[in-house]
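Have a look at this one.
Labels run A, B, C and D following the written order; every chain starts at residue 1.
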Amino acid sequence: MNSNQLFYGALGLAGAGAMGAGMVAAGGPGLAFGFCAYLTLGGAAVCIWEQSIVRSAFSLMGTFLGVAGLFVLLGSDFLAMAQILIYVGGILALLLFGVMLSPPDNNERSLARVGGTTVMIGAGVAFIVAQISGGVAGWLVADQLPEPNSQARAIGLAFLDPKQYVVAFELAAYLLTVALVAAVYIARRRRADFEPESEAQGGQS
Amino acid sequence: MLALMQNGGGALAQTPNEGTNFLHELLLWLPLPEWIPGWALILGAVGAGVGILVGLVSLIALWSVWMERKVSGHMQCRNGPMYAGGWHGWAQTIADGIKLFQKEDMIPIGADRALFVLSPAIVLASIFGALAALPLSYDWYFARMDLGIFTILAIGSTTTIGVIMAGWASNSKWSLYGAMREAAQVVAYEIPLGIALMVPLITLGTFSLLDASALQSGFFGMGWAIFQNPLCLPAFIIFWIAALAETKRAPFDLPEAESELVAGFLTEFSGIRWSFFFMEEYAAMFLMSAVGAVFFFGGFESPATYALRSAGMEGTIVFSLVCFVTLVLKAFTGVFLMMWLRWTLPRVRIDQVMTMGYKYLTPLALICVLGAAIWEAILHVVLN
Amino acid sequence: MTSPPQAEHKPSIRPADEARTLPSGEREFFMDVATSDLEVNMGPQHPATHGVMRVLLRTDGELVTGAQPHLGYLHRCAEKIGESVEWLQYLPYTDRYDYLSAMNNNLSYSLAVEALMPELEIPRRGTMIRMICAELNRIASHLVAFGTYGLDIGAFTPFFYAFREREWIQALFEKICGARLTYSYIRIGGVFNDTPPGWLQEVADFCDVFEEKWQEYYDLLIENHIFVQRTANVGVISEEMAYDFGLTGPMLRGSGVDFDLRRDMPYLEYGEAHDAGAFKVPIGTGEKGTVGDCWDRTQVRMVEMMESLGLVRWCLEQIEPGPVIGDVPRVIKVPPGEAYVGIENPRGELGHYMHSDGGKIATRCRVRAPSFVNLAVLEDLMPGTLLADSVAIIGSTDIVIGETDR
Amino acid sequence: MDFQAIADHLSVAQVPGLLSVELPRSPDKETKDKGRSGLPYLCVEPSRIVEFLTFCRDDDALGFEVLVDLTASDPSADDENLWILIQLLSVRHRQRLGIKCLLPKSALSMPSSTKVYRAAQWHERECMEMYGVTFEDHPDPRNMLLPDDWVGYPMRKDYEFPKEYHGISCE
């Protein structure tokens, strides 16, 4: 049994434990919470553990989706969907775009793998075990989930209301535009205007 | 799991006072023993919803594949499938499906097995999740969502991750090219897609697909957004181009560009895994067409629903059915349009795709939004 | 990465750290970000190589920075066989090099052998049937070129339309010689047999229908905006470059060179046909982009189909009853000597160099295959283009691997 | 110009390497000449081929822009010479020219024509693998059609077919 199997075994057990504990504590919503929390933390753990940097990046998808799920549970579905749209559909895709093209470098990542992950996973498992063994009384259990109400209208009004955040909103927009233009400028291929077109088509005869 | 979570979110989002999930209602209505807890009912509803979704996606794919073959066949002076099942080869896709199930499950030696196996699941789960947000009729829906369109776009965008995963896990250079193209293309076209959809959203003033449809019921069921605001037509064209790019359909089928990249991210896939990607593609086509139908072409509304409503049949099962059929017909008109374009146009080049997305579609979509906003302002503020 | 054993020599693949030319003509240099180029094998089994050819590509993202064609996957020793079998026995092998225009291959071989046999007289009817067959086959071949080029660019439907018309031509050939692809119909001394009754009328019917269909295809694909965007200004071959690489046929004419062996070095009755105004020679004009780009080459092929149609019609007018094959013995003995005859094949000049020492078997049978020569230009044309462009370039050379490898 | 005019023009210009002119001729019993059918060609000295081709290409009256074909021929196993055959084409003047170089089989080496016509590159590669001719200064002397580990020169008349190839019996 190698360390990888051990890790994924522990991860699976932790998932079952998290969902089971959630269900015992708060029924269906608890189960959903346990699942989302497990996705979030499990994705993060895999991200640290995995040697392959691309797998690490893919595991972030679990984290992002888990966070989105937590937002849903907290009754904020606009935020949840924004989270998925921006983080999974946009940022993660770009991240993968970059990471896929980078050469693998396993040595750098092994340190984090041995040290950080073990400590983190151990601490997490210990915490959960302690919590369960100490009884779930200490947990904060919401008796009812908040009602989901899309705050889209509220957010929109807040952004466009001169008395609230319209200045900040517009400033952020300008900042992002400037950042975008700057990024394009930096990433652009530099063109040198010297060296005339002599051997361009001539090739190697 | 993803679909479950999504649906769980949706089901949990039910509030007792308004518009609960009809599956949940059904389960509540059934004479079930008392000791079954409420959450089990919710889970049951979720399970049934997932079952219906899987069936729906399979049906859409089955029908669409057959339709694609017939459409392409007739456009190319062929008949397409004619034998399987008897009448015009209607059972061809079923036969193909059975064949695909029986095929050897191949994973290349150098492939990243875990990701290779996971990628079709992610792709399929994302389309399930997105389709779950699509109402099938005024009272047939999996989850009543105020943010329906936002949800569809968000969850639909996770397909990209599955495709990138497939491309990377295959450990083939052609697949990697496909994955890179997919990443670049989808990120580029999500922007004009979303912005173009803002035009009907401004016109109708809602994110909800149900509300959007209901708001287009005027003029004998023809008060469609495209007739309400002149900017909707250019916005629809932009939306449609972006939707083609999002669903990887020709002329934007660069991720799988079979004459350039062999089959792109699909190169190493075979059998049932490959068919999952195929199902996703057709389901996504249906979904995008349905979204276009709901936000530009009246959704469930048509003279037929108007007539039924005038006859006081609103709320009956017949009315629901007519709404459903209306939407499906509109959506499949869109699917047909996609097929028509695919079998007519050559493929564009990646730099042209990027140029079109960033340089033309996005600014044009922004102008459309601005115009739509001005139009609405004139209509409602100035003229009022 | 599969590294071929001969990986040490890569003259055409430029070093990665060098400056390179973008498709727009700009020179660009690398930033200090460390990146490495990706080497991809396009082929031997790849939809864009139209057969078993391998192009080793070095790519930087989508940008192709080096290309190296590797041939020989379909090498069937045609030339060696030509030195081992009798003169007439070799004829079926000629069908196999460019299997899309087997009539023209037969014709080239027959003409080369006939050049060594000064006494042999070819009857005029035989010549006319030869011309009809060669031109019909040219149309069929260009139809495939047009259809598969559409496939390369991503348009499926033109392919089926093209094959529908080609099917008709093949049916016509089937009636005349019994074969649909490898005809061996044009023989040393004439053609194998006379046309079946009514065949010439069927050819005339085909001409009438095809003329209408041709316009459809032109509008559907060649004038399509996306197609123009994909092919115009892509893979530009200048006139000098075309000469340097020895290009012939539509590749040369696409570069704006007004040269056609049928008109300028007439064989059969092409000279007479041209004087009668039966055909013109289309050349690339750079209408949509630059002279010598992929669009020009494709357009030249398209227009050539119509010109071939004119030739077929002229032949149908001229043809008269009579014998179709000259006095050829069953076992041919060719007088000693050597001759090179090149004719205008759909893909360029198909030349046969035949050397006889007076016996029943050729001493040397050399096939100058147009695809082989035209393919060499890839090494120069592909660096600096995008991956999709390189596919467009390979398609525009209209190669048949059976011919490059022989 | 017809062939005779081309030959005259070349000999007047005293182009380096031009050896003789071969025309078709009828059989002659007295000289035991079997005769020669087909097309005329020029015999050129192999070592001067680059200068010769350069002249043919650059001379205005000749203007052979295109090298159509370059190949070799092994007339018989007994013959001590290998022939290198070059076909030129002038697009401007609509004329062809056949050139033949005799290379002794003991020293199969001649300058590469690639510098004059790049079309020669692939033809020469084919010649090299098929006949074992060495073209000096060839930029890319790899096998063209044959596998890289092929033994022997298959188009030579004295070539013996291999008994096996990579463990595959050929008999």
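Simple rule for what comes next: a residue touches a chain if its C-beta (ideal position, glycine included) is under 8 Å from a C-beta of that chain, and two chains touch if they have at least 3 such contacts.
Note that the structure is a prediction, hence the values are computed from the model and not measured.
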Label of the chain whose CA centroid is most distant from the centroid of chain C: A
Pair exhibiting more inter-chain C-beta contacts, B-C or C-D: C-D
Distance between the centres, which are taken as Cα means, of chain C and chain A, whole angstrom: 56
Approximate Å spacing (C-alpha centroids) for the pair chain B, chain C: 45
Length of the line joining the C-alpha centres of chain A and chain B, rounded to whole Å: 25
Residue list for chain D, restricted to those that touch at least two other chains: 118, 139
Residues within chain B bordering two or more other chains: 180
Per-residue multi-chain contacts in chain A, two or more chains: 101, 204
In the complex, chain B residues that touch chain C: 72, 75-78, 173-174, 177, 180, 250-251, 253-254, 257-262, 342-352
Sites on chain D touched by chain C in the complex: 24, 34-39, 41, 65-69, 71, 73-76, 85, 87, 89, 91, 94, 96, 98, 117-119, 121-123, 130, 139-149, 154-155
Residues of chain B defined as touching chain A within the complex: 1-2, 5, 8-9, 12-13, 15, 37-40, 42-43, 112, 114-115, 122, 145-147, 150-151, 153-155, 157-158, 160-161, 164-165, 168, 176, 179-180, 183-184, 186-187, 190, 207
For the chain C and chain B complex, residues of the former touching the latter: 38, 40, 46-48, 61-62, 150-157, 160-161, 164, 220-221, 224, 226-227, 229-230, 386-389, 391
Chain C to chain D touching residues, read off their complex: 4-6, 9, 11-12, 71-72, 75, 77, 79-80, 83, 115-118, 243-248, 252, 257, 259, 264-265, 334-342, 349, 351, 353-358, 363-364, 366, 368, 372-373, 375-376, 405-406
